[in-house]
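One chain, subunit A, appears in both complexes that follow, with subunit B as partner in the first and subunit C in the second.
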Partner chain A sequence: MTGHYTRIGLTERIVSFAVLFLILALILIPYAYIIVTAFKEPGEVFETSWMPEQLSFQAWADVFTIFEFHKYLLNSLIAGLGSAILAVIISLPGAYIFARKNFKFRETFFYLIVGTLVFPFILLIVPITITWIKIGLFNTFTGLWLAFQIFAVPYCVWILRGFFAQLSPHLEEAAMVYGCTQFQAFYKVMVPLAKPVVISVLFLSFLYGWSDFLFSNMLTTGGGPQTASIAIYIATAGGERIEWEMLAVMTLVAGVPPTVVYMMAQKYLSQTFATAT
Partner chain B sequence: MEDNQIQQNKNASGIQINRLRKTFLSAGVIACDDVDLNIQQGELLVLLGPSGCGKTTTLRCVAGLETPDNDDAIIVRGRNLTGVAPKDRNLAFVFQTTALFPHINVRKNISFGLNMKKTFGREEIGHRVNRAAEMLKIGDLLDRYPRELSGGQGQRVALGRAMVMEPDAFLLDEPFASLDARLRVEMRTEIKLIQRQLNTTMVFVTHDQEEALTIGDKIAVMNEGVVQQVDTPHNIYHRPKNRFVGNFIGSPPINEFDCHIEDKGDSTQVSSSIFSVPIPASHGEVARHGPGKICLGIRPEFVSIVDGPGDLTGTVKLNELMGSRTMILIDCQGHELRVLIQGVSGVNEGDSVQLRLDLERAFFFDSEGNSLA
Partner chain C sequence: MLDRQERRLVILFLLPTSLFMLFLLWLPFIQGVWMSFHLWPFMGEPKWRGLDNYTRFLNADYFWDSIHATIIYCLSTLIQLVIALSAALVMNQPFIPFKSLWRGIMIVSYTMPPVVVGGIWLFLLDPGLGMVPHYLMQFGIIDEPIWWFSNGDWARWLITFVAAWTFWPFMFLIILSSLQSIPREYYEVAEIYGANTFQRFVVVTLPRIKTAILIVVILRLAFNLAKIEQPFTLTGGGPGYDTSVLSILMYRFAFMSGDFGMAFTVGLFLVAFTAILLLPFGLVYQRNLRRHSL
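== the complex of A and B ==
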């Protein structure tokens, strides 16, 4: 290791650190700015000084009392969790069948499903909104959950099938010799084995539901299950001025749950994507 | 209906495989072509053959992991099991890959089948697991997870999972193929002792002829989906029914010569391009075959180097020490011939030697490769 360092010249080291520092700054300064803004008085937001004159919790209070941001957070949580659970319930057996069973046009069907991932979802917004209004799913959680599946299911099927395909078929056969029906072999042996992957896809589809704006905005309206990302949008659009300090608070708060969930799922995520082929 | 069937066949307590046929449509392969086998209660039958010969498919059909083409192919204890789910067959299967469940510990792996049945109390399950663990010497591994086991330990656990079921038969698919040579030899002896102790029918698949000869009560040699010979290890080795069996069994392999038979009045001669010898009276079948082309096969241990004039001469190409024995490769006018002797070779590479063929122990095959005997 020491030999490695001595071979690199001092100038090169200074340059590389400078570049790294610049990139780091590009990433961290906006964060820092949002955090600082969240603690500023409304009148202070456009001041040139970096630090607030004194810490103000006004924006934090307003966000939760006047704006009732927690209600939107709860909606996001329900939308994200419901969507993630539904996606896994649909994808687990689906991915398993695609990995294990031979049937006509298996590969065709599989790539049709996974291929929808490259489809621009924005094109679906209008037809889905119209359909949802017609069949009574507009402005409901169920409507949101179903809409999120358009992305979540192909993604989950893709990852889960990769996992199931690399497991030895002898495992289910052993389960079936030792007392399991085919379905029991699936949920008593294969599903527990898939735990890290299931947690990973749960996280990813939760994240998608939590932070989605496109569907949430079109498929809900005031009084309905509007999510946190809609609330942030409303905060930028409504009123006589953009309330930057409230926006900063909401951004920070809305970022906490995914971060916490990520830290819980991190171990499984790295397992999943280290073994994925 | 089912009870009647059992009643009818109460004498048949082993496994009968009737004209088993299995075609893999997608690959267009006939894996098993009218396989007929009768395995007695308490017998250890080895299915032996090269890879792709249908031995594993046969075993998987017995276990119910593959469905045979004909629906009366698998009869166990007088009960037609063809079409019955694997879990309802009361047969235990041991896989080459061990196929232990990675997410549960050894104890739970072993008791998995008993727990699934839901007819056994906790005490009974604990008792059976401990007894199997003791027999297999894995008592100290019960709280480990499969990933913490060595190959040999894993296979012991897989055997334990099978034993606690107290099945009608054990089905083992090359269970020791991925173990190192020394361990494989140990496990062989152990599995045979366990089988004797439990007196449970066992079908053991392997491609290793040495393994088959050591553990089998009977060996069924298969090739290209067809059973070539079912016999005791002794007969498989000393009385092969055809050239395939003769060639497949034995290490180093058999010496083969294309010969023709000549009737010389008082004796019948068998001649190849490099030797011509009278056929001993004990091989009457060769004389009965009459003049024509045959194949003579002789195991390397039945060829000897002699001092006086022998049946043929050759030049020593190579001495290969195989522990207590030595394999000598000899060049006989372009034909390679293997000689296996006890102890150390007394000849050097390049020496010219006289060879004697022990024709009493030789095999004679007709032009189709079937034994004349």
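== the complex of A and C ==
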């Protein structure tokens, strides 16, 4: 197998490794420095050094006791989970129909939804804030879950339809020969087949909910379901002295879960991206 | 064509998506257009203003500041494409070891919440204690710390670079999976005909990843215009309005000033800007599709 590639020139190999190292350095150096900072004493943040004089867990303690960061993390978790489940409930049946049934205006309808992917949806935050206040969804999880769908549903419909469209066109017929109704063919045959794609769609919409700032910041206030992103924003914008070592801790704590989720889902995600394009 | 049972299923299954479109996209959008004709405060009674918001926005100083910032900020898409394409080509080389580890590291900036990335760079670039100014001074590139975020030009380019640093992995993942779908034999044939590295790229690789590149450019151009968490964390749209790209300006009117009518007016300009920007790419994409189907 590898015999074919012995002709790849030395220059090409050197350039490839150089590019790889450059890119990895650009990513790793900033994060490494944030990790170091998270273990510094408050006074030590002012020196650019790679080794804390003394390993300090003060910032970690402060973040959870003074700042009560775990409350914000829990809110992020609830916001992300609820939004992910709702996104799948809304988009799975629709995507299935778009992929496998013929009806009038199907293409138009589909592109009206998926087209919103490139629509700068954040402007909808303006009317939605006003409406949520009016109907009592302001400062609630339900309000956040619904608002996150604006981004999540078009994305999910796009990915799920791509998956259903490439399955054999005879699957439902075969299922119905075995006595399934149309509906049973969907949930007994198609849904189990779609499991890996549904998982990646769940991951993606969870991450969106977890990471969102613009909508959550607008739709909540103090005492409500404020997420970790909001807490970090408050910490960066809050007054004269920014507690950098605490910010570094919050950054790590809020940033690691989505990264772990991505790593776990990588296998599914690369399949998904391959079918979607 | 559909029997009764099937028709009922179609209607039932399209219901959730239709309700979503109606209540979360179209009604809010129409409501927003209505709001843009008003002085609409966060709480309290809206007042009719007619086209006042529009004429005021077009004549305001911050209109051109904002367009200027938005155009520069869009260039981040180009930087993202350069990094993503280089990374994807390297990661598709058969002789690179530990690929999944590198790929995992590469997507970290994209998986982190954008506000987190904003916070990280705010710290790294801080003129007083940041790592970047420290090393720039140590290596003699600058003599004294630069107050980047008080200088419009610096601030505009910095938010552009930070956006590129954050979002390139999205392009990378899609271009890489498109690269991996090219059969190895194509390269072997090209080699037999004596094609060098560059020729192999132009003849074999490029035609097969063209569509993927077009798609990611379209998506990222649109996303970059709306994903403004990190520039908002870094500069808040300042100094003045120098880094207030259209979405930040909109957010400032809604979140800071509570002028919701004006906010949606700015939002409509954002829609127009996005549409104009995407139009040429969309046309190329459509032409490609048609050529494939012939």
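The rule we apply is simple: the second predicted complex is superposed on the first by the 250 of 277 C-alpha atoms of A that agree within 3 Å, B and C clash if a C-alpha of one lies under 4 Å from a C-alpha of the other, contacts with A are read in each partner's own complex, and residues count from 1 in each chain.
Following the convention adopted for this analysis, a contact is a pair of C-beta atoms (placed from the backbone, for glycine too) under 8 Å apart; a residue touches a chain by one contact, two chains touch by 3 or more.
Please read these numbers as outputs of a predicted model, since none were measured by experiment.
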Inset, instruction - Report clash or fit for the pair subunit B and subunit C bound to subunit A in the combined superposed model. - result: fit
Legend entry - Touched partner set for A:S168, first subunit B, second subunit C, both or neither: first
Inset, instruction - Return first, second, both or neither, reflecting whether A:L81 touches subunit B, subunit C, both chains, or no partner chain. - result: neither
Inset, instruction - Answer with first, second, both or neither: which of subunit B and subunit C does A:G9 touch in the superposed model? - result: second
Inset, instruction - Please indicate which partner A:I234 is in contact with in the superposed arrangement: first for subunit B, second for subunit C, both, or neither. - result: neither
Inset, instruction - Pick one for A:F46: touches subunit B only (first), subunit C only (second), both, or neither. - result: second
Inset, instruction - Check the contacts made with subunit A and report whether subunit B or subunit C touches more of its residues. - result: C
Inset, instruction - Return first, second, both or neither, reflecting whether A:T181 touches subunit B, subunit C, both chains, or no partner chain. - result: both
Inset, instruction - In the overlay, answer first, second, both or neither for which of subunit B and subunit C A:V114 touches. - result: neither
Legend entry - After superposition on chain A, the shortest CA separation from subunit B to subunit C (Å): 7
Inset, instruction - Would you please give the residues of subunit A that touch subunit B in one complex and also touch subunit C in the other complex? - result: 102, 181
Inset, instruction - Within their complex, state which residues of subunit B touch subunit A. - result: 26, 63-65, 85-87, 89, 91-93, 95, 97, 99-103, 112-113, 115-117, 161, 165
Legend entry - Contact footprint of subunit C on subunit A as seen in their complex: 2, 4-5, 7-9, 12-13, 16-17, 19-20, 23-24, 26-28, 30-31, 33-34, 37, 45-48, 89-91, 93-94, 96-97, 101-103, 109, 112-113, 116-131, 133, 146-147, 149-150, 153, 157, 181-183, 186, 207, 210-214, 217-218, 228-229, 232-233, 235-237, 242, 244, 247-248, 250-251, 254-255, 258-259, 261-263, 266, 269-270, 273-274, 277
Legend entry - subunit A - residues contacting subunit B, complex: 102, 168, 170-171, 173-181, 184, 189, 192-193, 195
Inset, instruction - Sort out for me which residues of subunit C touch subunit A in the complex. - result: 1-2, 5-6, 9-10, 12-14, 16-17, 20-21, 24-25, 28-29, 31-32, 35, 40, 42-43, 83, 86-87, 89-91, 93-96, 100, 102-109, 111-116, 118-124, 126, 128-131, 134-135, 165, 173-174, 176-178, 180-181, 184, 188, 191, 197, 211-212, 215, 218-219, 222, 225-226, 228-229, 232-233, 236, 247, 250-251, 254-255, 260, 263-264, 267-268, 270-271, 274, 278
